[in-house]
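Chain lettering (A, B, C and D) follows the sequence in which the chains are written, and residue indices restart at 1 in each chain.
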């Protein structure tokens, strides 16, 4: 808070120079000095005081009314000084809070870590990026014993910390399901009960659960109100929405889920995602599904992982490097 | 950002009055005006500009050097203005973050909700208050089928959001344990494995698990490095520390826990707690265990719930209404 | 410690009186212009709280003249409704007036020491201290 | 749009030159003292970034004179290392200089419009616009 003598003389000299010559260089000096003051936590009312001191040293015969006017200005500046101090506290608090959240986000990463299954003849690409520090999107691979495996993609309605807390619940619930129960509709039915019982009525979770059965070249899937994925037909080079019906998790304790089935062929792809992908924005406008498919379509020749990376980078740029929702995109391509 | 004409004339009139009379009332007016400016988001450089304008209206023959000096001051104030604007953004961000955390804390409350068992001849009192919005303390009652029940009291090393996230894990893990497994040492052994597998190596959890068996008037307990509880002997009116050994959860995958047993008699009490109770501070000093017991001892005649409430209020006042750690205190009194 | 001088706060004008007295005492002790203005601003805040929320109250001043340091203590006393949740009132940004940096946290920032005691239904005592550097 | 006037930033002195040119143009357009000072401060920030982090760069000015509004555009162009993580650089408090309210978020606050494009290894282009009110 205390103004150093060097500051006073610095300020006075620069001020004198400016009053005499009025060049841009003194003003550039003023700006540099100002930043140094801010860095040293000098509040704005001290600046006014510094100005008064410098003036009266430079011009001892300054008119009285001007002296008084400066005292008045100083009085006005006190509240700005208090606000400035509050700012500094707030900054510290904020950075503490953010590092707390960073730790939690890290824990979440450890917790939700999942391993992509290494299945012959299947190329898998995954990207999942939170909009804020913590993610409310979730994906998980579940290995079955017969070579089949499951993929869960989920999205908590909401973002940030509450969504992340909710998401960790899904993870534990998934873990506690008996591994034998691999049927998508049974998994959703079980999870629905857990969510309904444990989570606040205002929190909903959507999930798309797909089971891949290599022996039959088939997928089975069920959806709990989740954003529909797409089926890419390699022969016609067209996308088709994967239509499903199913209530979001957590609404009704005894929801039942339909199970669908589909055979997939060589070079076909299954595209799973959350609404953070399909509801990207350009300025104030939500993009259309066709635009999303167009973007994905540009990269169908790439390996699955490169493909999802490219699509992500495309939307990142389009949205000015600020996603408004968590973004998860998974591509499965049948190679044989 | 734009200064209104009424502001200019307000400012000018007040300034004129002050220069002429120099009374406290004008300075009080200045302060009120200053607060109004801040409320209207007027940045400090605009205040300097306002001052320049008012001065030149009041004193058209103001010396040139003073004009220039004020321009210099204005230049200095620009960086303060930018900081002031950043402050406003920060305030909004902060309040958003805080309400996000409030939602998460609410979810946590729903999630960790537990029902005190209603057991004949047993009086139970519980209080658990987080230091910040979210708690890293946890307690849970588990009903057994033979009339026995278990009480888990746990504390994540750490506070705030990461601790709370970690705590919800314990809740799910507890839920997924088979109800039949009521033995304290088995429960801790199982939980230890879950924590070790799922949580970051830097996160540790302490837990004290007590099982009450009404038929035998016995408690069985095991501890994973948790703050020791106390046994209150109603005949001698003395407290005795409940000594245990056991590694904190999450350190080693195959930790084993010892199980202890004790018979309790009419009017005896079991006091379970977290270190937020025993490590209360008075000024810069941690209080001693004897002081904690002295405080608890003052209220032993009250019903268990009133007792824990009184103890909490005592420490709340002592710590100037700011707890540094989550505070959990549970009292079981055998009534017959 | 000198004897206390007090200003009873009943009308808005009394806020000005308290400021004036506080500023005069601060000047006598040797505080510079900036600190005088800070002290006056804090007095306003304390006196205004009495004026707005309590029926009865006063702002008092003490001069601390110790061996190694001099300072001013400002004490605000009221028999108002008291403060239910002190931690909340001391939080930044809580002030319902909407102003930045106002309220009791602002008063705390303007002084070196801050103490508050409050009992619901009985009143509030705030004591702040600023030392001359 | 008028033709661009540019200042190449090589030494610290060029920062002053850019400020001067920007301030002159702003004054001609009709911006008042406060806005002139804001524009000059933002120019400093942009030019300093070039001076400190890029080998080669310039700060250019355009006068926008449209039917219903006039304004100034300041464009900073460099062939420096580019910005790896733009979202991070645009976050408040990121600035490693430690100063409050400095950095690109500060520049953004001083103007009405802000655009940034950057490619790693190629350079950065920042374009800001302030309208006369």
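Methods note: a contact is a pair of C-beta atoms (placed from the backbone, for glycine too) under 8 Å apart; a residue touches a chain by one contact, two chains touch by 3 or more.
Chain by chain, the UniProt names read as follows: A, B = Sigma-B regulation protein RsbU (Phosphoserine phosphatase); C, D = Serine/threonine-protein kinase RsbT.
Keep in mind that what you see is a predicted model, and the values were worked out from it rather than measured.
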{"item": "Shortest contact path, subunit A to subunit C, counted in steps", "value": "1"}
{"item": "Euclidean distance of C-alpha centroids - subunit B vs subunit C, Å", "value": "29"}
{"item": "CA centroid of subunit C to CA centroid of subunit D, Å", "value": "45"}
{"item": "Per-residue overlap in subunit B, given as positions that touch at least 2 other chains", "value": "27, 31, 35, 38, 71, 75, 78-79, 83-84, 86-87, 90-91, 93-94"}
{"item": "Sites on subunit C at which at least two other chains make contact", "value": "37, 40-41, 93, 99-102"}
{"item": "Pairwise touch network: line, ring, star, complete, or other", "value": "other"}
{"item": "Each pair of chains that touches, named by its two labels", "value": "A-B, A-C, A-D, B-C, B-D"}
{"item": "Subunit D-touching residues of subunit A, taken from the complex the two chains share", "value": "24-25, 27-28, 31, 35, 38-39, 87-88, 91, 94-95, 321-322"}
{"item": "Of subunit C, residues touching subunit A in the complex", "value": "32-34, 37-38, 40-41, 92-93, 99-102, 105-106, 109-110, 133"}
{"item": "Residue numbers on subunit C that touch subunit B, as the complex places them", "value": "15-17, 19-20, 23, 37, 40-41, 44, 85-87, 93, 97-102"}
{"item": "Subunit C-facing residues of subunit A, complex", "value": "2, 45-46, 49, 52, 71, 74-75, 78-79, 81-86, 89-90, 93"}
{"item": "For the subunit B and subunit A complex, residues of the former touching the latter", "value": "14-15, 18-19, 22, 26-27, 30-31, 33-35, 37-38, 44, 47-48, 51, 55, 59, 62-63, 65-66, 68-69, 71-73, 75-80, 83-84, 86-87, 90-91, 93-94, 97, 100-101, 103-104, 106-108, 110-111, 160-162, 164-166, 168-169, 172-173, 175-176, 198-200, 203"}
